[in-house]
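Heads up: the structure comes next, in structure tokens.
Order as written gives the chain letters A, B, C and D; numbering starts at 1 within each chain.
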């Protein structure tokens, strides 16, 4: 379902502008509901992901869905609500019993190990706020811009949580180190046993986490309960959910997901492979697709993130990319985490386009679409990170556009 | 309901140690449930707050409950799951329609203002991860230590979220500044219209937020939907929920909550008033009350926080406070936010007590109970922040103790 | 950028329910202990007990002289420093199930009755806008404001 | 502190399902295109269509020569660089509703049949542990490994 939202209704609320015209009409105070074991959402707040089957195929029968997208048009702040973290699964969501779940660690290591969840939760833990992004995020806009898309449709395959788990390094030390290994196969316990070959770079050895919790609580099944790999800044598919096996080796295993899928076709018909980093990216979440603005003050709000590290600057253009102004970050930017930006704008009522571009601490600047496509072609399907333009009509209708 | 939990079962999981004795017994992989609009918790994860009526009165009929406590014995990381943030309400949880909700700002200000939620969500926002703590947290242990208490019972009235909203400063500027005001009354739209006089200190002017979101989504009704005050580091009761009025003045209004309640009786019968800061505090969450440990390696894990700023050190004693060792923080400590600490320990099997003590960036050190009580007496009821000792019996039973 | 609208004086008056120790905010009207007993028996006794004691909710009377003991009993009479707080609180919060349902006169009256139950007003006493702020509560001097947050105000007193 | 236990070799073998481009991990056994057609028709055709085309799920055949076009069709035949990946993927993930339900022989056979549908094996062909890694896939050289993540490995090749 799609709704027209006023630009200011960024918090998932449908407020009728009339409401109460005098304070005398505000409903009288009265005792409320009893305290509870869990705080549910207000009945006035409707938040849900959108399951989809492939670019342009949505809404979709849930059994056909392969993605379920985060409603950025209705969120604020930088952390994603736990139950709204985007979802990408290849064989549905398994219902795993943590008492029966096992992690096998083997291959080119001094010794093999079988770990229970009790073992893993008794190891030293680290927590880190970081984004996870599906390699396919942005895949709607490679070739054409469906003007009916919302920001949930265009950018809903990225989310930010506090992840908690055991450093990968700790588990590697447990099996006696892996000096001769250069790759690690990570495999899930899902129906597809999704498996990826992970290069043992210094960054991955230092930052990889065997995560068992998100935002303070055990992972939810859709996100890998009871255990997943989490590799900050790298393509989401590497962060294998329902993790049940780590195997060390000296070459990639060439699973379907790093050959047939998650490789990026160039214009010449050859494909980039192991393009694992999520590039610097940003999007304006309000006003965004299918919203409507009125002439006058408009608060522009959005999210920026980069797999290279911290966001150091976000700029916004309200004239379709001709001129740029620095936006304000609403919280300290964390490395490899989404951060919100805001900018004040007064819309005079003339048609225009609004765009954001982010810069990260490695000085990577998010490219405009023309430069991005010149480099990548339009067949890559994954790793789309060009600037997002929202066109605004004379009537104030905000629509997805290529630039 | 209480359960005996092994020390390692810190993530809300009930794992039977048997499980699967060989990998051949791990259940076969199979396709899972369809993707969904919201990720629910695993059926193997049970998490809930405990509503209580007063110290020692629990479980309780929900209509009699005044508090509902966060299950720290089953959480990990530093952020609290949104639906498990502790709850303290004085007249139940109102069901407010955001379209009809209004904020009145008036009193000793250049002008008065009525704001709608659309107005407020269109203002500049800030996000901040910070704890909120009920002034009554710890109130179980003033006079005696019920040995059946869990850490949820002793310390479940504090939580940490990302809060998003409008800087108080911005709203003050909107009414033309309040140069002659030194106090601000904040009042809720709940049945009790809970109201507090807030001194307009530099810190409060700089850090106060009119919050409308927690962990990325609109506040939930139990936590003040659609709008609450949020004053980082200060007693929770000040952060008025369901905020509907701010009135500026030049003296405190002396509401019931800053006279009859939330004042701390000393031994001499006089009471400390406007003791608004939450002091440096910490607690071991595992192993903790009603858990059981086995001789051998035990991972000690806990949370530390301070209303003065960042936690710079947490020490743990495994000999009842005689000697101390530095614990490791599992994430960068943020100012006025909970941070998790961990320490390895090998329990030899002899009875002992485990204790944590935190130090904040202002060099405040959490006092032991004797020093704390010598200073405060045992009648204060609020602002308990002494070190928490968990006694371990020869059988490995972990129990609440005064020291 | 402009936000919100300016409220009318009568709108503000409808919401401006707080009462300060100096009496600012008190409405016109008044009530006696005798009138207050009737208000109390009808609206309050079910929760707070027949004489402000032994109810299922907070005790409202007694406890004077217990604050320095091992079992302090904090009530309006033993603990509350300002009578204005009683009016303010009843007006905003009581009776629990129907806050703000009492008239100003009823609120003065029931406040007077609770002070009577605590020996602060005589049986033939009463309260109005002028007298209420002048009531001297037994524990008026029992509070020690924290310097950090009240320095300016305590200096001004 | 010690965690976990050492698995037996047979436990590991039961879980060690991956197959590498050099054939490491392939089980004993084998199967022919003809056998594979039967396996396919029984277990796969319902989703992938009669000849690996026009099914309700992923297309498995055709598309060669389309990769540089505006409408690239990526299939086992047109896109996949290694035949070992086909065996590995079918063994771990197909048939969708009953992963790991095929025998090793059946997996060799259906892999052979899919390669046949793509013109990579002849009708009378087959696959086994020795021959499978030697199959030269049409798009074998179509991939450009990213330096940052594959520098050591590409240098070693």
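Going forward, contacts are C-beta pairs under 8 Å (C-beta built on N, C-alpha and C of every residue); 3 or more make two chains touch, one makes a residue touch a chain.
Worth saying up front: this structure is predicted, and the values here are computed from it rather than measured.
Asks: With contacts defined as at the top, give the pair, B-C or A-C, that has more of them.
Replies: B-C
Asks: Counting in whole Å, what is the centre-to-centre distance of chain A and chain D, each centre being its mean C-alpha position?
Replies: 30
Asks: Report, in whole Å, the distance between the mean C-alpha point of chain A and the mean C-alpha point of chain C.
Replies: A distance of 53 Å separates the two centres.
Asks: What is the distance, in whole Å, between the centres of chain C and chain D, each centre taken as the mean of its C-alpha atoms?
Replies: Centres of chain C and chain D (C-alpha means) sit 80 Å apart.
Asks: What are the residues of chain C that contact at least two other chains?
Replies: Those would be 1, 7, 11-12, 15, 96, 99.
Asks: Can you tell me which residues of chain A touch two or more of the remaining chains?
Replies: Residues 23, 29-31, 91, 104, 114, 116, 119, 122-123, 191, 193, 244, 297, 344.
Asks: Which chain pairs here would you call touching?
Replies: Chains touch in the following pairs: A-B, A-C, A-D, B-C, B-D.
Asks: In the complex formed with chain C, which residues of chain A make contact?
Replies: 22-24, 28-31, 297, 344, 346
Asks: Would you pull the chain A residues touching chain B in the complex into a rising list?
Replies: 6-20, 23, 25-27, 29-45, 47-51, 62-63, 65-68, 75-85, 87, 89, 91-102, 104, 114, 116-119, 121-128, 162-164, 189-191, 193, 212-213, 215-218, 220-223, 225-226, 244, 297, 299, 301, 328, 330-331, 340, 342, 344
Asks: Under the stated contact criterion, what part of chain A meets chain D in this complex?
Replies: 90-91, 104, 106, 111-116, 119-120, 122-123, 174, 182-183, 185, 187, 191-193, 195, 199, 201, 244-245, 247, 249, 251-256, 259-260, 263, 265-277, 378-379
Asks: Spell out the residues on chain C that touch chain A in their complex, using ranges where they run on.
Replies: Answer in residue numbers: 1-2, 7-8, 11-12, 14-15, 96-100.
Asks: For a test of understanding, state which residues of chain D touch chain A in their complex under the given definition.
Replies: By the definition above, chain D touches chain A via 1, 3-7, 11-12, 15-22, 67-68, 70, 72, 74, 76, 79-82, 84-85, 88-89, 92-93, 96, 99, 142-146, 148-150, 152-153, 156.
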